[in-house]
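Dropping a structure here in structure tokens format, bear with me for questions.
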Amino acid sequence: MNTITCTQLPALFQAVSLIFNEKKIELCDMDAKVGDGDLGLTMSKGFSALPALLQANRQDDDVGKTLMKAALKMSSVVPSTMGTLMSSGIMEGGKTLKGAKEIDATGLSAYLTGFAVGIRNRGKCERGNRTILDAVGAAADKAAELLANNPAANLTDIINAAVLGADEGVEATKNMTPVFGKSAVFAAKAIGTPDQGAVAGRYMLIGMQNYICRYFP
Amino acid sequence: MKKVINNPQDYTDDMLRGIYAAHANQVKYVESDLRCYCVANKKPGKVAIVTGGGTGHLPLFLGYVGENMLDGCGVGGVFQSPSAEQIYNISKEVEDGSGVLYLYGNYTGDIMNFDMAVEMCEMDDIQTRSIVGADDVNSHHDLKLRRGVAGIYFMYKCAGAKAAQNGTLDEVLTSAQKAKDNTRTVGFALTPCIIPEIGHSNFTLADDEMAMGMGIHGEPGIWNGPIKTADKIAEESLKTLLDDMPVASGEEVCILINGLGATSLEELYILSGSVSKILEIKGIKIYRTFVGEYATSMEMAGASISICKMADDEMKQQIDMPVCTPFYCQK
Amino acid sequence: MKKVINNPQDYTDDMLRGIYAAHANQVKYVESDLRCYCVANKKPGKVAIVTGGGTGHLPLFLGYVGENMLDGCGVGGVFQSPSAEQIYNISKEVEDGSGVLYLYGNYTGDIMNFDMAVEMCEMDDIQTRSIVGADDVNSHHDLKLRRGVAGIYFMYKCAGAKAAQNGTLDEVLTSAQKAKDNTRTVGFALTPCIIPEIGHSNFTLADDEMAMGMGIHGEPGIWNGPIKTADKIAEESLKTLLDDMPVASGEEVCILINGLGATSLEELYILSGSVSKILEIKGIKIYRTFVGEYATSMEMAGASISICKMADDEMKQQIDMPVCTPFYCQK
Amino acid sequence: MNTITCTQLPALFQAVSLIFNEKKIELCDMDAKVGDGDLGLTMSKGFSALPALLQANRQDDDVGKTLMKAALKMSSVVPSTMGTLMSSGIMEGGKTLKGAKEIDATGLSAYLTGFAVGIRNRGKCERGNRTILDAVGAAADKAAELLANNPAANLTDIINAAVLGADEGVEATKNMTPVFGKSAVFAAKAIGTPDQGAVAGRYMLIGMQNYICRYFP
């Protein structure tokens, strides 16, 4: 069936960890230009730990609760800004799935919206602040729009729409001025390049896309 | 990198092991996690105060855990936040029915993790309040976006005193807020410091240069230029401080002259003398002067000047309350 | 020279003005001479303890003048002795019929001036005794010719406690002597410091080098070489210390990990952890651990490790006695 | 008359201060090679202060008491090793003249012996330790010897003999190993050059010689 079960969650995020391992240096370099240069390290460290945490913290067959619990543990592994934001996103996304035994297209769209809400709440940020929210918020919107227009859309349709939204979101950050974190100090330097957190958000979605397109083509 | 260390990766935990070995009768850790730092003997029933932040600023943050000050501290890696789970575990250990105040510096990573710990405490029906130190005037014109530096000492002192006197959670928060509202800091750096795992400094200053307004992680300041005399530095700093928070002639303040790590106590007292001369001319009375290392940046050279206006008698009593931690005793 | 100062010629007096302004209720000066540093409120009738030495080592020497410690301190220029007359004037102020103990470091200039002050006191029928700290093992094989460094803290502590308990002059001297006999120190430097009036450092060390056994004025040590890990430094230092003064398994010691000025507290605790690990393996019990800046050399980087063997219960009580000075509080 | 009175003491030491002003750099350089390089400064500072101190602290017409009192004050001006030693020497030398209204040849010889005793007591040193004592001790001996052999010797004879003794004493220090003070640390460097403290002692005597030879030729 075209749904992701609790058993598959580790593999889903294994795909995310793969892409962050690939992009580690690229993200560190981006971050070093305007911040402390740890972004690639924390992303790959956090998502590398997540599959095992999903395994170890499986809550019955509840995908929502499992995501929430594992994400909380992941935040301890990488308590940096982006580590905490990613964990908060997954926790809030998981909350939308609480009680569900599997993730279908509607569930995935809800998860993505929840993820963006989690980021917004944790970061106390708004769209346009040049953060990861600009990528994942646009992604969630695009996915929700697709589902509204096409209630028969499947998991692959949803994640493809989300990645498209993230592409646009990342592009848009190029003209935004940072207001948060270490980059804010170097605001001038940032203009013209995309926000590194937004780029990381997009990579996370691409990692999920890689898995979904392969197993639910 | 000239440091007395072992493996740079073990910097934070080696430091903590040294601290626990030296002060076993005063502090302990919980959940088998060295970074969950708690007072060994908590006064029962009182509001708990928990702080936290990155390593590299001793005696900040954990150094203020002790009698009549704080009850616990989440210890992050060098210049990194502790995790929400660590903060939560500490809170469970030190909370004793009267709630927990989270009192820490205004840094994104810390805010997120403390906020997350708040949510975790809520699930356990542990009452929490949060407040951040944001005293560094030169870091932002917007009060809310300023980073927290040495001035957090006054918040610790006032909140700690109120909690020791069995104030309620909201009263303790109010004391911290009052200290915050009346505290401003200006800092400057002369030399950078080195993060052990990185091995080289993240900025340089010429041999005759200082950086006014630089942050304790090396965040750029408002000017870099030739090093000024202690008198000139005091003059410029006090102008910045008093423009931001006017103090009238006749009003009383505490001053805190804080060393960033490599600046000698001799120099801090020279600077303190410069500050007190200027305040005297302005007719501003000094209620108490604190000089020493209160919030450092490892081996960075430089100092900060904080002013805390004495809002009322209660605040003075809180400032005067004796405290005793392994790192800081006041009689 | 990166220092927060005004005119280098005014370094010592500017520092003193800052200190008196900050701590007016605890200390004062006599004979209109800033360098005649005395406790503000002396406990009547007790033996007075007077120390002294060059400026540049804060909190040494004047920082230990206060409750249950010392009563006065002659303050010399940077790395220079105070004058006999200053020491004499301080003695007249703080002596109260029970005599004065002169307790200072083993340096030629200081010895001569304290000896001269002894003669001046004799003319006034003020009873005196003298003892010098000479704890630096690597400075000389002959115990009598060793220079005094951070270990003098234990002499201050024990003599101060005995005087506070109204011990006689000879009893106070005996307590100081017992602390001296049981204390040994080893130090090392990573970077030099600069005398303000000179403006450049008097030695250099390569970027990866340390100097084992170097003195606090930059006196050459026993080797210069690549910087070692904290564990290795602790190992070598303890070997030197314990070869010189054997401590049996089961015996108790205090340890003092002292920063020379620019070395961070984080590093000092890492070193302290290394020391306590090794002592534990040897079965030597640590009665109390002191970590911080006790005797510095302005902005020199480096540290010293002192061991003070607990000779008897009286000594432990003396070590535990609460003290409070503007620079140092122990509860 | 061939004696030095209380009124002349300031001028006598003015002559000493003159020579130390001339030799300031030379003494600093010597000291810097094996110590902290302050010797020239302290000698010129101390002896420059002395004439006024002798003036201000004149005790009736007692040359001995006047010297003792002024030297004590001088030690406060320069509390360094050599400053204290010089003061102690003058104090002990003055003690031999206590009660005297003037210094004659016998008095000068006694003063020089007392000066050396003051140094020895204060420094807890012996001849051969490579210190100022090696110069002023030899000087006192030579002066005393002259006086013993020639009881009619005058002030000039005495001071000339003393300077001769100091010359030999300084020369002898070239082969001595330092045991005291900062030089002891650099013992090896010292061999072959005279001790800087001994040189200073000799200059002091030459200063006195300059005055005495001029006014009591």
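Letters are used for the chains, namely A, B, C and D, taken in the order the chains are written, and counting of residues starts over at 1 for each.
Criterion: contacts are C-beta pairs under 8 Å (C-beta built on N, C-alpha and C of every residue); 3 or more make two chains touch, one makes a residue touch a chain.
Not measured: the values here are computed from a predicted model.
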item: Identity of the chain that, by mean CA position, is farthest from chain C; value: A
item: Mean-CA-position distance for chain D and chain B (Å); value: 58
item: Between chain A and chain D, centroid-to-centroid distance (C-alpha), Å; value: 85
item: Distance from chain D to chain C - Cα centre to Cα centre, in angstrom; value: 34
item: Contact graph of the chains (line, ring, star, complete, other); value: line
item: Each pair of chains that touches, named by its two labels; value: A-B, B-C, C-D
item: Residue numbers on chain C that touch chain D, as the complex places them; value: 76, 79-86, 108-109, 111-113, 115-116, 120, 202, 217, 219-220
item: Footprint of chain C on chain D - complex, ascending; value: 36, 72-73, 75-77, 79-81, 84-85, 87-88, 122-124, 180-182, 185-186
item: Chain B to chain C touching residues, read off their complex; value: 2-6, 11, 14-19, 21-23, 55-56, 58-59, 190-191, 193, 207-208, 210, 227, 229-231, 233, 261-274, 276-277, 286, 289, 291, 293, 296, 298-299, 301, 303, 324, 327, 329-331
